[in-house]
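A, B, C and D label the chains in the order they appear, each numbered from 1.
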Amino acid sequence: MKDYSGKIMEIDLSHGSIRIKDIEAQLVRQYIGGIGFNARILYDEIPIGADPFGEENVLVFAAGTLVGTPFPTASRSEASAKSPLTGGFGTSNSGAFFGLQLKTAGYDVLVIKGKSPQPVYISINDEDVKILSADSLWGKECWECVDYLEKKHYGSEIALIGPAGENLVRFASIENGRYDGWGRTGLGAVMGSKNLKAITVKGTKGRKAHDPQALLNAVKKGQQLIKSASSYHAFTEYGTLNASIPYSNFKAISAHNFTKGTLPNWKEIGGRPIVDRYGSRHVACQSCIIACGHWVELSEGKYAGIKMKDLEITPVMSFGATVGLNTEAIIKACELCQRYGVDMVSAGGVLGFAIELYKQGIISEDDVGFELDFGDDEAAFKLFHMIINREGIGDILAEGSKRAAEQFEQGDKYAIQVKGMEIPMIDPRGRWSTWTLGMLTNIRGGDHLRCRNPVENLRFNERDEEYRKERFGFKQTMYEKLDMPEELKRKTIDLENDITYIPEMSKWAEDLINLYNSVGICIRPPVMEKVGPTIIAEACQAFTGIEFTPAELMESAERTWNLIKLFNLREGEKAEASKFPRRFYEEELNGQVLDEGKIQKVLEIYYQLRGWDPKTGRPERATLKRLQLEQPGE
Amino acid sequence: MRIVIVGNGAAGNEAAVNLRKLDSHCEIVMLARESYPAYSACALPDVLAGWIPLKQTFLLKEEDYARLKIERSFGQAVNKLDLSEKCLQTAETVYHYDRLILATGSQPVIPAVPGSDLAGNFVVKTPGDIERILAHKPKQVVVVGAGNIGVETASALRNRGCRVSLVEMKDRIMPLLYDQKPSALIQKILEEGIEVLTGERVSRISGDTHIKVVHTQGQDINADTVIWAAGVRQNTDIAREAGLSIGSLGGIQVDTHMQSSEAGVFACGDCVESFQVFTRKPCLSLLWSSAKRQAQVAARNCLGYLDEYEGSCSLLIEDIMGIPCVAMGLNLEALQGYEVEVIEQQDENEYFRILMVEDRIVGFQAIGKVEGSGAIFTMIKKGTPVSESRKVLLNRRLVPNLAWYIDSSQYLSCSN
Amino acid sequence: MNSKKMGMRMKRIFVNAEACTGCGLCQLLCSVHKTGQWHPALARIKIKEMPELELNVPVLCLHCSNPPCEVYCVMNLIYKDPNTGYTLRREDKCIGCRACEIACPFSAAVMDPIREVVVNCDLCEGDPLCVSGCPEGALLYMEDSEAGERKRKAAVSLGAWRASRPRDGRGSL
Amino acid sequence: MDKLIYIDHQKCVGCATCEMVCSLVHEGICSPSLSRIRVVRYPTQAFNVPITCAFCEFPPCVSVCPSGAISKNAQNGEVAINSILCIGCRQCVQACPFGHANFNFDQGTAFKCDLCGGNPQCVEYCWTEALQYLPLERALGEKREAVARNMLGST
């Protein structure tokens, strides 16, 4: 088998040692790259029951296999560690240019172990790797540090944490430069616990393509595919905000901590018009042909002077809907999250949770120090700073909503999370779909980014009695062009009856997204709709020279998913944890509650499709055997 | 791949070293008539002068060859090259090759003058020659030929305390390098310690077994030693016999990749006929630097890497009685047929002249000062229009990158 | 196949002549470090004065990948260090013929008049004193890629680009 | 030169697909540092400027090259580097006012845009139209039109 030219760099902060290892082609074959490598490394390296803040936790960054090629959207890298928020597999994906620099410096994977006695940062310049003192940076907010480090390490891309990570806020993020980040699962706190402030990477080398012409052809084809997607033009204009209005129309947004379903005037606050009003330019990640990012410069109003990449659906939903802020305050909130290094979804979730506790009278002005209300930006930001600095009640909230809820009576009712991670954006009572089932099956908890129907149709919102179907709603050509094995396609989509089966589609979507996260491409809908395993296999093979069939790629993605599931089970994940917060089953929204029993049935179908035990959700031995994941001694 | 190199001069050794630099696996075999390891022929006059020991002229040691994995078979002459069988024959062995690099070099010519077989006749070509000259303990020396080798040898022996006469057939010394005036200036310097006879030809050497008197047309010079520096002849016999094309000047004909008329057979060094960088006409460049550059080109092309010879441009720098002299490019004689503009300047200690053809510098000769002439040499090789260099020298943004041009301004400014 | 030469990823000294005041401190540091004597003429770095343009241009070895001096050395003393990419020479064997000095387009090889050998900048084994000692920041020690990036940034800020920024901003699509 | 790569930096989103494609086409390697075209990013202003060879009429790189490796073709106006003659002194890197002249570490030689022999691939793969390969007159026309639009808009 052809050798793989990537390397793994392993840095042990406890001893200050740096080791560079080759990546065996076998590992690439089995796990492709990106999240696949992370899963294998974390599963092998982290002892059972390790303290996420302990020396034995391992933080891994891996650039996707196709990162560093012109393949459209191939910019993404995956960061993983045992999560301090969920206690399970913590992982997050980010674009921009960090992955590219890591790749061009010659590394696919950066493994960080141990714990430094003093604050340090790592500087990587091709082979030149240094661990440097971060005394002067510690305590400083991210943008200031980026300014400083960019000057000092010219041309470097920087991954870093803000004060939140330093203070071990359990939902702290690792920032990727100024405006991007590995947000979810609290990886910033892991980095903080290791006393690692930043990683600067600069690469001047490159990867030799096995077959440049074939790669160029695949790139061209990939570009054409994405451009032909039905949502392409909408996404180049408005980016992710396209989904905002449809969900609001279905009364399915996370308004005021999942109590309202929509907000008055939502279109003006968080819909596409805000792009026209506030956006000035489009910003792309490496090799992207969508450029969904928007540049915002606020020149007037309370928050005049803010300049940043912004206006994505995540902060808009998190702060606009969950906390109820207005557009300019959303932009400010986004800036605060970037500067202090916090996950926007969890931050919004925790703030919404706290405000609701206050509104319910569970906490009072005495506990907080001031009044709280939905839509009160000043109070929200004050509380935000208390969380970052772990002051007063902020210290409790910094533990994340699940842990915080234990401190308050009835708290669990208002903490909208699954497995410890705050649910983003969408209220499953308002719209049930592959996406919302994914919040339960997700390997990292209440999250929306690991399971999304590639042919989701936002025009429809028809939930069947059994929670098993959603409407397909597209023409036959869409069905035909979907890159999915024919047999599976027939099982997943019933074209005649215009139905997509949710559990079937969930499995496919999860594996597909896992494949994306392995090869490092983006899950924006135009990509998901058109880019399937076939073109990915073509590009991977042209680039690495390792032969991949589309089926093998999907199997690798499934292997990774199962390995992560094993990791979570090993860390004590219970089957009963895969359920929504109480509120969704008890409190009506739009006159509807979720039926726990029926959802359990759908979950069981999903488990069976995955080859997992329908009750416990544990992968069956036959499944592990098929995926070559058998445990020694089992 | 098995690459055989014939010759162990500058070109042969440079080719071998370059081959090894580019390819750690190929098999390299060197064959040579001489049995010395690589040595610097240019440093031999320094040994004669007593400035450096002979062993310093050797450039590669036995262990270097071992380290570079170069198989050597020195001390046996190649008798035959068979192109169809791809093999070379020495008296004892047949060597097969996949690629061949001929670097057979040249040898000094001793004209058939009566008495040139007497003891005390020498040439300066190999370390052995130097050893023999020194063993002969020369006192009164006649050096025949006032080319650069002749002049260097003469002043070297003068430095040893010999009485030296330099006999040149043409009307001035170093006629291929310098024009009339600088030549005369150098002659003047030389004459402070050496008897220089121009326009004279050695007609006979008398003596019983050893040299006693050297006779020219006009003079009889008492001498015990004669050193012949009257020109060289290309060693092209095996090439010629094998059927390789030989050029009009007597060197092996090569293209710009240093490949001979036979594919896979390369040639470089003194034995080839290359071309002059300005006139593009065939020339024999007998310089160390040309040989090395040609060898680089040959080695690279031999292994399939592209490289091209940019043309020969002579550069000779000599220390004459402690005064540095430099000649580069072409002189007036070589530029016959061109309209040449001459810029010259002379003061007490320094002299220089620049030869220009159509806005290009094509030749440069200087006595007394060599600092900064590197810029001129670069301009000759590159063919930079003088008007362009004047223009860019006034460009504040470019000057920092043109520090090398700045040097030329001291020479060019006087022509304004 | 391409013309393979001996390239090397290395840091080199870049000159910002605009900043050079011609103070000569670099030369003194160099001469003392390399020869133990305090004289500009012994330095491996030279400063060329261009009075017409009011410029002082530091000149020093550029460590070419395929250096002409290497070809012209009659003693084969000049070599590219395979580990560092520096152009180095075995000075002890030098016969002082000065061919390399003239072969260098940049006049960056320097005759050491005391030892009668020609020398060039060796980047002080990776930590050039002249760079750290320059009070004006006229000497920059960095990799080629960084130099290129800085150059491009400087070009963009020349003004022509900036001036044409649109009033209304939304120009990208 | 009748045609040039016309760069409208206002349209550039900084995806740098052009860099990747360029290095892939010319070197078979995916590496921005081996790309002829380079994007200068101003991340704090969302401002991206692709820079490639301007094919100057009086190219400084040609002037400063000591080995004559860079030449301007009088017929078609192209400025090309003959890597065979390049000695790797990087004077062109220093002299190019745009920072276009690039340097290949591993080969030890400078390299520059060759317009892919008349079909520039950076343009081919650029999806924003920030790069267009246009006749000079047409490019100027577009530029003039843009200026005019801007002026009309401001009155």
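Observations on the model:
Just so we're on the same page, contacts are C-beta pairs under 8 Å (C-beta built on N, C-alpha and C of every residue); 3 or more make two chains touch, one makes a residue touch a chain.
Here the structure is a predicted model, which means the values were calculated and not measured.
Between B-D and A-D, more C-beta contact pairs are found at A-D. With centres defined as mean CA coordinates, subunit D is found 44 Å away from subunit B.
Each chain gets one centre point, the mean of its Cα atoms, and the points for subunit A and subunit D are 37 Å apart. Between subunit A and subunit B, the centres computed from C-alpha atoms are 71 Å apart. Chain geometry summary: the mean Cα position of subunit C and that of subunit D are 26 Å apart. Multi-chain contact residues of subunit D (touching two or more other chains): 13, 33, 47, 66-67, 84, 91, 94, 97, 105, 128.
For subunit A, the set of residues that touch two or more other chains comprises 204, 280-282, 291.
Residue positions 306-307, 378, 400, 404 of subunit B each touch two or more of the other chains. By the definition of touch given earlier, these chain pairs are in contact: A-C, A-D, B-C, B-D, C-D.
Against subunit C, in their complex, subunit D makes its touches with residues 9-13, 33, 38, 40, 42, 47, 49, 51, 66-67, 83-84, 86-91, 93-94, 96-109, 128, 147, 150, 153-154.
Subunit B contributes residues 13-14, 21-22, 38, 40, 42-43, 46, 51-52, 56, 59, 288-289, 292-293, 296, 300, 304-307, 315, 317, 319, 324, 326, 328, 370-375, 377-378, 394, 396, 399-400, 403-404, 406-407 to its touches with subunit C in the complex. If you check the complex, the residues on subunit A that touch subunit D are 68-70, 72, 100, 104, 177-179, 204-209, 212, 215-216, 219-220, 223, 227, 280-289, 291, 295, 307, 309, 543.
Partner subunit A is touched in their complex by these residues of subunit C: 9, 142-143, 145-146, 149-150, 169-173. Considering their complex, residues 126, 154-155, 204, 236-237, 279-282, 291, 297 of subunit A touch subunit C.
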